[in-house]
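For reference, the structure I am asking about is given below.
Going in written order, the chains are labelled A, B and C, and every chain counts its residues from 1.
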Amino acid sequence: MKRELPLFICALMGITMIIQYFIPHPYSIKFYQTVIGWFIIIMTFAFVLGIMSIARVHWNKVSRKQKDWFYSLVALISLSVTLFVGFAFGIERGKPFMLIFEYIQVPMESTMFSLLAFYIASAAFRTFRARTFEATLLLIAAVIVMLGRVPIGYMISSKIPAISGWILDIPNLAAKRGIMIGVGLGSISMGLKIILGVERSWLGTIGGE
Amino acid sequence: MKNLLDKFLKMDRRYIFFLVALGVIIPLIVPIGLPVDITKPVKDVYDAIDSLPEGSYVIISLDYDPATIPELDPMAYAILRHCFRKNLKVITMTLLPAGPGVAEMATKTCAKLENKKYGEDYVFLGYKVGVSAVILGIGEDIRIPFPQDYYGTSIDDLPMMKGYKNYDDTEIVITISGTNVPASWVAYAHQRYHVNVASGVTAVMAADFYPYLQTGQMVGLIGGLKGAAEYEKLVGVPGKAFVGMDAQSIIHSLIIILIIIGNIAYFIVRKSKKEGVG
Amino acid sequence: MEMVWITISALLTLAIFSFLYKDNPIYKFAEHLLVGASAGYYFVIYFFNSVKPNLIDEVVKNHHLIPLIPGFLGFLILFRLSRKYGWLSRWSIAFYIGTGMGIYIPVAMQANIIEQLRGTMVETGKVGEPPLFNISSFSLLFSDFNWHNLILAINGPILIIGVLCTLAYFFFSKPHKGALGKFAKVGITFLMVGFGASFGYTVMARVSLLIGRMDFLVNTWFRQLFGL
């Protein structure tokens, strides 16, 4: 019941959905449409679970006064305030909820990712070395693409964007396609293993089981 | 000399940070106005939209979040304005939970700029959980994933959506994203329902989508801020991407110079170390 | 009022940038503020964009009872947090993993394998465009030998060799020795060019984000603050 039923549900749904793809009968289409609707609702709760876990981690930190508990308190307060304004005033543009989003979340999140520009520049200087043939190839391809994708490359020579285009269109395409096919085959075999119950790690261990 | 170079190679990285900051700020204050050339994958997206007859339905899925706003907003704005100028019926949505705020802002701002009316010229459906199921759901009937729009109005009460059912009524899907979501649009919407998919992606993702471009699974691809600048130029609405191209050129040059100097210094130091040992 | 909000944004932007100097309490404060606000934002969005229209309104307004079943299954997921009843969550997880895999496998086969092979060997998928690998491009090369025709002719063979060798590199069931080793070595060459292209593009992406933030600080906040 605790392990067998989930494995059965997983296999049943997986096999049914694969068969459905090849047999577009009106009944199978109706079934498929229903399942898609259900899938969306169930997935929503899975995402909610993620947020509850985050809240729990910070709650535990605060209640046990662990190291840096103050910052966890900040996280919990900002979580509560966002929840409150969202449910109390709605989510349309111009409402407090969207103001928090626009003026607090947006600037911080995009700044956080922009920090990488600094680190990438410093890494380029310190570690990007033409030590071997492969590393040299990587370096040359990177430099051509970097130049070919900005106006200055075009100004230096119209050949640079053309070469960078060729790198992207042919050797890059070959490498990325090889990866895509490899990953595709890997994930399909993993999917089949899950459906057939060979791979069961998704069951997880709950209460020692 | 060797010691000096050794020190130079190990210098505090904050000097480099400072150079990068200057390289970005100066051209923003004093623009140079470097010319932008048009590449084929971007032109393909433009042509695909430009050739559509008035009143065609397009889905624009703004699948990005605040982290990639500086890169993808300019793209989204240029595409939205292009679609509105062509009098297409625009359905916007997002498949990222952090997307609604960003997507609503882009949709509403562009609609206002082009004098478009909500419900008649465009609708905003908001976000729905479950990427694959949502894309597949639209393929059957848009009302399965989206019984209502973002504001809680039933889809059937929106004048524009009367008579619209699924991808059969859609000319093209344009997905703008900094994630792997465009691959899902290709797999689920194009492969299963044969709708045209075009994509605008962050530069990080751009190289990965070339396989889809060559097979025609994507009709076109806009990559990064440069792609956005090209699209702005094509539509004739120079914006943030266009302005950013100067700084982009300077920083790319700076990084290339850093790589070259770094390598020269490294090889000199290595050579002299070898000689020292010998 | 807008100026106050813009100033808050600018100060928070600077708080994040302060990490460049070194990790510090102001950065940590901003970071946790972001974590909390994002989690709250997601929760509210999940509710108003998915739970309410697809479940609550369907049941309450439209009197459809069927959505209660996935609603119940979804609710069971939340038991994952309980040690005693955690196993109940497996039923719902089984449903969405099974369904997810079931819909993924056939389309992945089509989109990521069959179409890719077709694009490599047979046709480009674009109407009117000849396949990359075709004999006529070679006859054109021999009749009129120039750079353009040479590239046109070798593109197809390069692509095929590149894809096959990259796949050979990822073939781990046999040690990379002998012929396989040589193929894998060529595969690495292609991979390096591919990664180089990705790196070039990644630099572009990160710089673009920085430009966006600096543009905000310089052209929005600073100019408005000092009325420039």
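Just so it is clear, a residue touches a chain if its C-beta (ideal position, glycine included) is under 8 Å from a C-beta of that chain, and two chains touch if they have at least 3 such contacts.
Just so it is clear, the model here is predicted, and its values are computed rather than measured.
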* Asked: Nearest chain to the global Cα centroid?
  -> C
* To do: Report the pair of chains linked by the most C-beta pairs in contact.
  => A-C
* CA centroid of subunit B to CA centroid of subunit C, Å -> 12
* Asked: How many Å are there between the centre of subunit A and the centre of subunit C, using C-alpha atoms for each centre?
  -> 6
* Roughly how far is subunit A from subunit B, going centre to centre by Cα mean, in whole Å? -> 16
* For subunit B, what residues touch not just one other chain but two or more? -> 17, 20-21, 67-70, 97-98, 100-101, 128-129, 133, 136, 145, 192, 203, 207-208, 211, 214, 223-224, 226, 248, 251-252, 255
* What parts of subunit A, by residue number, touch at least two of the other chains? -> 21, 37, 39-40, 43-44, 47, 91, 101-102, 105-110, 112-114, 117-118, 120, 124, 139, 143, 145-146, 149-150, 168-169, 172-173, 176-177, 180
* Residues of subunit C engaged with two or more neighbouring chains -> 20, 38, 41-42, 45-46, 48, 50, 54, 99-100, 103-104, 107-108, 112, 116, 119, 194, 197-198, 201-204, 207, 209-210, 212-213
* Across the complex, what residues on subunit A touch subunit C? -> 2-3, 5-18, 20-22, 34-35, 37-49, 51-56, 58, 68, 71-72, 74-83, 86-87, 90-91, 97, 99-118, 120, 124, 134-135, 137-146, 149-150, 164, 166-185, 187-188, 191-192, 194-195, 202-204, 206-207, 209
* To do: Mind listing the subunit B positions that touch subunit C in their complex?
  => 14, 17, 20-21, 24-25, 28-29, 67-71, 73, 97-98, 100-101, 126-129, 132-133, 136, 145-148, 150, 152, 183, 186-188, 190-192, 202-204, 206-208, 211, 214-217, 223-226, 240, 243-244, 247-248, 251-252, 255
* Touch list for subunit B against partner subunit A, complex -> 9, 13, 16-17, 19-21, 34-37, 39-40, 65-70, 97-98, 100-102, 104-105, 108, 128-130, 133-134, 136-137, 140-141, 144-145, 151, 192, 203, 207-208, 210-211, 214, 223-224, 226, 245-246, 248-256, 258-259, 261-263, 266
* Structure fact -> So, in the complex, the side of subunit C touching subunit A is made of residues 5-6, 8-10, 12-13, 15-17, 19-20, 28-48, 50-51, 54-55, 66-67, 69-71, 73-75, 77-78, 80-81, 83-84, 86-87, 89-109, 112-113, 116-117, 119-120, 151, 155, 158-159, 161-167, 169-170, 187-204, 206-207, 209-210, 212-213, 216
* How about subunit A: which of its residues touch subunit B in the complex? -> 21, 29, 32-33, 36-37, 39-40, 43-44, 47, 91-93, 98, 101-102, 105-110, 112-114, 117-118, 120-122, 124-126, 128-130, 139, 143, 145-147, 149-155, 158, 161, 165, 168-169, 172-173, 176-177, 180
